[in-house]
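Note that chain A is present in both complexes that follow, paired respectively with chain B and with chain C.
Coming up: the complex of A and B.
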């Protein structure tokens, strides 16, 4: 007899990956907009954080359209961190669109189209829509897993209200959702019929006497009345871009042949602007101007800048935040030099926030926060050494060393990163300055050395 | 009055007719972008199918919603099996009109007749089917009467039960009968593309 292997039921809970700015949870300001020295993952940069706080209030008020802010500073001084902090403090209801300056260059779409799509993604419309929901108390839930372990699962769900009872067939996605939400008999749930989103309302009063182990937060609710399927008005936020896409799709059978959305006609946009304004006047919808964040803004060229000038004047325009680390440099697409690589006429419209290099104490704090975020224990001496490295090379390099040193430490079965571990990774990986030094020393032995110098002269 | 306004809406809509398969098929496109499709039997002039397609608030095109006749079980229905759908053993609710009355049939209801209680709720403009064993409950409105804003009358309602099917009938009022006659006359005047392939315009 062949042995049958019982497949493991894998948990679907997702583990969040650690990103470069995942430790930032807000701007770290108090109610009076005064920055705290260390708060919500932010360290130092007090003046710029305070300025960002003022901008944040302006965005929250939502009255002013088309303001633009530039965050300028040296590399590794927390420009992106401040933008992320703003995004986090705005909350999930305010649209925040982030893109890098080079993202708009595509062969499929013109630069200005990409920019206007980004602009429209950053404006939300809160609107009421009717959706069909199923609301009832779970009588029975039955899920059959095939004996072989592969193939589709089959599920049935019996729901009831005070008046009726219905059996539903469940698709695979639905079964996963139900098991993730840990729905069981006696729960009162709602299911959005279109999206399949399940939300638990609580437990039915009729089950209040069950001696089940239940948390203190378990709520008891009445069994719903009437029909199981109801039409309910829900308020949700969609971006203008999403409305554009819905309305620009080719209708009929031609829709089968058009895969991507491509460019959206300006007539469609105008129609939608008019429609949205009409809704707003009728009180059906509310416009939420959000934030468009363009990182590495010096990568935009002259055409984009003049488009931005124009786009900022529209009354349906979000607050634009840009970040750059360039000084006086050439504006892309021209031969003119300009501060930050941005034309003067656009710079004139901007509020500029400057970030300054971190002090030693601040660097130390940031490294500590990153250690916690990456789950690495650092000894006091190692911390001091790492801070020195951070001051002498760059903060980014020091942060890179945290996880690598943590790994080295784990390999030697240590629990806390010691100075030796840091020294070891410092010798293994070069920082930018040392790498440049190495290049200068061994330039002759690299490939294509001669041709490269010749090219450098011409450019 | 109200009857007139509905006639006006029908008149101003863009109508396309097609005779196919022994049925007269008519497609209405209303000014607000909503669509209605009807199918009449050529011989008996009975309404076989009426369905609606309504644009959502954001402008997206919805699915066809069947008002009269059997729901279409096309390939689109099976694609949605990922999410959730009603089990086939559940009661199936369809509307199937006769010449003189609106009629609803609910199949798969294996309970005796005295379980059911069908009432008219004139204030809420709907009919309610209740079951004393708490297995089935349905609240629905007569869309034809809503459109021309006629009041509901309890005495016009009757129901029978046979072969696991509950049949609810509501006698069509005089206004509806005359309206339908008029409409049918109007529709017959429409020159429908007769049977065969329409020339398919390449766009």
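Coming up: the complex of A and C.
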């Protein structure tokens, strides 16, 4: 016998993981696109935020597509924060896809396939659905069955809204539909005018007292307002990738090919492109170029870069935002040196936004915002010490210390993180500089030690 | 009143007028639909409850006139077409009025409602996407 499975409720302490950029709510610009010093979780980086704001406005108005932006700067200067800020202020209407440069390397899919899927996820198509429906509360259904048992049934259906009431004559088919849906007096129903499909929305509130015993599924709704015969318009936004997926399966409307390889045939894409362009010509669809954000873009190799070059030129192309922390370095997979590890021909097409290191005051403010986000109370002195740590080591390291110091403080049942707590975690966890110092001192005792190793090659 | 409050008053009047306009159009659609449904009921009654040769009494204003059945039906049908057209026009106009109201209230414009709808075939194919 099949028994219903009751989900097990386990009592565990809820641990909330807080992402590194969870405090970003937008770009922190005013109406004139002037950046405010501290706003929406953003601190400093005024010039780059303003530049991002200009691009954002152009994206929102749909003025640019097929452009690419590069956010370049040292580690820990807020590149990802700016991209997150753009994503947050775009609103729900514009598609935003984010991926890390290394995500495209997979065994399931070729690099270019992963990239083109990401591209197509970032393009939205807005379409409208319009239906004529009759919507009302059933006042009465009257069905006359012929005495012989065979032959056509006739009937009458009385529907009402808050404004009007009318009688419909029913044919055989409608009567069958109504009895199949078990429609009775007091139900609120809609009838699709084109297809004659009947759907029950629920029972009217005025009939709530008719029965005491009823199923839990019975929903009560208000008697509809206004006219009986309504026009219903719904606007949907779907991404090109979603249309691709539906049509690359067997039963799609345009489906020609089957197979679930995870890769989508370029023929399918071309067909979809043609269909969408046709819709656009006919005024049936609007194309919303969204934003594709590729973090750590130096992880891409030569093939990907030439694919990007090509993809940016197609007429269905989103705005590409990339971020990198590399200076002049080798392009992955080649022996050529290039700024940011990006080939010159692609760099030529980019708008480059630079971020600069934070000042002491800005670091202090960021740490304060993070403390609020992570729910850690910080005393004034501890805040100053942490800011010094942030300036001397790195901002990320200082941010890491917030939550760990918070834990130490909670352990000694304190309410506010004091300098001692910060000192304790500072001695417990090494920052990058101290760690390498330690390595240098004790390198002989480590395994597989090679004294003359060159710097790690990541390209 | 100083210039500032006059300006506010003027703006509020404008908003109120636009809102009133929207409401009136909505009510007009309701009234026309009511008439359309009455006509439909009449057509059904003429078709099923009377023979084609009989004369019917039709009410014009405050007098009743005897009219041939077939003629009456034609007349109502024409009226029906007129009503359909009028309702459609009002609905199209309503969209512009709602947009105007949103604009002067400083609300964002409704996007995508000026598209032409997908045909039922196309809709069927994207439906699985929409009913996620």
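Rule of thumb we're sticking to: the second predicted complex is superposed on the first by the 318 of 459 C-alpha atoms of A that agree within 3 Å, B and C clash if a C-alpha of one lies under 4 Å from a C-alpha of the other, contacts with A are read in each partner's own complex, and residues count from 1 in each chain.
Everything that follows uses one rule, which is that contacts are C-beta pairs under 8 Å (C-beta built on N, C-alpha and C of every residue); 3 or more make two chains touch, one makes a residue touch a chain.
Fair warning: this is a prediction, and the values are worked out from it, not measured in the lab.
Once the two complexes are overlaid on the shared chain, A:129 sits against chain B and chain C alike.
Residue contacts after overlaying the shared chain place A:148 against neither chain B nor chain C.
In the overlay built on the shared chain, the residue A:166 is in contact with chain B and with chain C. After overlaying the two complexes on the shared chain, residue contacts for A:246 are found with chain B and with chain C alike.
In the superposition on chain A, A:427 makes contact with neither chain B nor chain C.
In the superposed model, A:93 lies in contact with chain C only, and not with chain B. In the superposition on chain A, A:415 contacts neither chain B nor chain C. When the two structures are aligned on the shared chain, A:283 is found in touch with chain C, with no touch to chain B. Applying the stated contact rule after C-alpha superposition, one finds that A:226 touches each of chain B and chain C.
Where the contact sets of chain A with chain B and with chain C meet, they give residues 127-130, 163-164, 166-167, 169, 195, 226-227, 238, 242-243, 246-247, 254, 284. Against chain A, in their complex, chain C makes its touches with residues 26, 29-30, 32-34, 36-38, 40-41, 44, 48, 91, 111-113, 115-118, 120-126, 128-130. If you check the complex, the residues on chain A that touch chain B are 127-130, 134, 156-157, 160-174, 191, 193, 195-196, 226-227, 238, 242-243, 246-247, 251, 254, 272, 275, 284.
Across the interface of their complex, chain C is touched by residues 93, 126-130, 163-164, 166-167, 169, 194-195, 226-229, 231, 233, 235-238, 242-243, 246-247, 252-254, 279, 282-286 of chain A.
Residue ranges on chain B touching chain A, taken from their complex, read 56-61, 80-87, 89-90, 130-131, 134-139, 203.
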